[in-house]
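What follows is a single structure, and I will ask about it in a moment.
Order of writing sets the chain letters: A, B, C, D, E and F. Residues in each chain are counted from 1.
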């Protein structure tokens, strides 16, 4: 199994609902360093998992929809907790849509899976892994 | 599949028995930077894999039992080699016990698995992965 | 010249005023990974620059006053831009006060200087360096 | 499941064929920071996955065959694209041969698998994972 | 004293002349992860050392002139050794020109100095520091 | 001013004397990731600060005298506290001797200074800087 990973980041504000979150129930923020990993069993005819340039562009494009925002005011997140885990899933699902639409190239339709990891600090991170 | 990881560290002395260990048969030491990853298929009602604050506390508490020690003199390790791999397993097993006891919260009992990685330097690390 | 550095982090929301900031004029957020470096020409009688445990505690204590906040609503920042540079200066100045009050120990009064670095992502950071 | 990882690096020149590679079709180069991970279900009698010293030596030895070279002129790569993914596979396959020959020790023959990751920058890396 | 640093990277081929370089006399390559640090005594009216967006753009623009090249064939390097140190100096000097031309903004003309660091691997890097 | 840095590491046991050290008064250990930085105003005729290969070899050789040891039993440290700061100084001084003896090459005698940094964990490090 092969994989290729590209890294980018976003800087957002948000608050979390639920006693479990303690002081993170207040409006605060985070830099999420985001790693998107694409997996496939065999390489394509160019010898790659995915066109890494397009992968980086599509990741940046997905993140642009979140970057420099207060997630508490984004309609896409209404009624949900924007935990690191939930954001990883949302970013992975949006990347999966782009893969299916062909935005990462025709051969990217053969990708087997996708993992998105969000690093919220040097001591904590969360991942979401899914099939394609 | 989702995961959440927290990082902490310990500073211990020890020696290893067996020709394979060369100069590491002498009493020496290590800083282990420890990553504990918790996995589950679906998020709980708060939208998390585990209460990350409790996860960090329980990891710190497990590590406190090892930190600033000479492992050669710890009864828990009598008759065994405290290799990086073996320490990863012991830390993972102790965390698993805490999960089962409910120390990481009620919903943490639904966790699917756990991986502990010990970084012994910038060029070497070891992991142990288990089900919960 | 000797130095000792300890690392911690904060997660805050804020917005910046001025066209130069582009989209960062919107309410957004950041994880700042904070490195506080203490400098002195000669070691104290214990052979250290500063008691590293107390240094870490005082850094954490200074950061606790900022962590999980929306800096736009903090009185301490009224009328100023909470840029990474300005936050580095504020944290350094608060640490300097603690050094002068003796909170880092008596011998820490002999420290020569202090640098605070705030990493806002894997590709950008800012520092403020001052005498003590 | 246990794993042990060792890190080393190579510095090579190469060019890539295919429109998908854009400016990387020109002769350029890369530092690849290489992580080789060895996996096995149970530890051997010494309590390790593999003799980490021998693992590091064999990785270095495999990399020595590539280091400081222009890969476009290496016979081993004739007719193929030396993408990061393809290099990860080649390095993994060469390490696998050494495992099978006993170069990593007798008990290393019981290894279950191997993953090689090549970091081409701070924002991009690729992996190849295989059974042993 | 304040500083702001931005990070980017290039991937180049080159060879070095002189027995001291051993196997690096052959055509090989490197990824250089490049950190450009800008220093000034006092912040400007926006509370920054430099517009970090423009700093990142100008660094990328300077690096674009080197990226995906074989430095042995670049006229700018004719007759010189493209060591990591020499490349750091060239990049710093080109950034300094841009600062002086006003490309980083009017207030950037008040910058006091500049340091460029090139990381050639996880175990080696070089810096060049100059006044502005 | 130019600098070149090489990284290596040691794994040692030790204990520290003095109430300030708390639990670190017990026999414990550390991995020190060691960065040695060499500085000079102008490059030599080969365009380098120092032959990086020899710098790495001499650092490794100095560290070999400490690696896999219990520092409490080393005569060189009798009567002193082997704090991270003190070890940084000792390593820097031993490297300085080698520079003066010509072990890093003739032109290395023109080096202006040397800084040694010891990372004891992902959240703490210490440096010693000296002239040559």
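Throughout what follows, a residue touches a chain if its C-beta (ideal position, glycine included) is under 8 Å from a C-beta of that chain, and two chains touch if they have at least 3 such contacts.
Values in this document were obtained by computation on a predicted structure and should not be read as measured data.
Novice: Any chains in contact with both chain B and chain E?
Specialist: Intersection of chain B and chain E contact lists gives D, F.
Novice: How many hops, at fewest, get you from chain B to chain F via touching chains?
Specialist: Minimum number of steps from chain B to chain F: 1.
Novice: Could you work out which pair in A-C, B-D or E-F copies the interface of B-F, where over half of the contact pairs coincide by residue number?
Specialist: A-C
Novice: With centres defined by CA atoms only, which chain is the most remote from chain E?
Specialist: Taking each chain's C-alpha mean as its centre, the farthest from chain E is B.
Novice: Quick one: point me to the chain whose Cα centre is farthest from that of chain D.
Specialist: Of all chains, C has its centre farthest from that of chain D.
Novice: Would you kindly state whether over half or under half of the residue numbers at the chain B/chain D interface are used by both copies, giving same or different?
Specialist: Counting which numbers both chains contribute, under half are shared, so the two copies meet through different residues.
Novice: When the centre of a chain is set as the mean of its C-alpha atoms, what distance in Å lies between chain A and chain E?
Specialist: One centre to the other, that is 31 Å.
Novice: Rounded to a whole Å, what is the gap between the Cα centroids of chain A and chain D?
Specialist: For chain A versus chain D, the centre distance works out to 27 Å.
Novice: Could you pull out the residues of chain B that touch at least 2 other chains?
Specialist: 7, 122-123
Novice: Considering only the defined contacts, which chain B positions touch chain A in the complex?
Specialist: It comes out as residues 1-8, 43, 46-49, 51-53, 56, 105.
Novice: Using the touch definition up top, name the residues of chain B that touch chain D in the complex.
Specialist: That would be residues 18, 20-22, 80-81, 83-86, 88-89, 122-130 of chain B.
Novice: What part of chain D is in contact with chain E in the complex they form?
Specialist: Result: residues 7, 9, 11-14, 23-24, 26-33, 67-70, 120-123 of chain D touch chain E.
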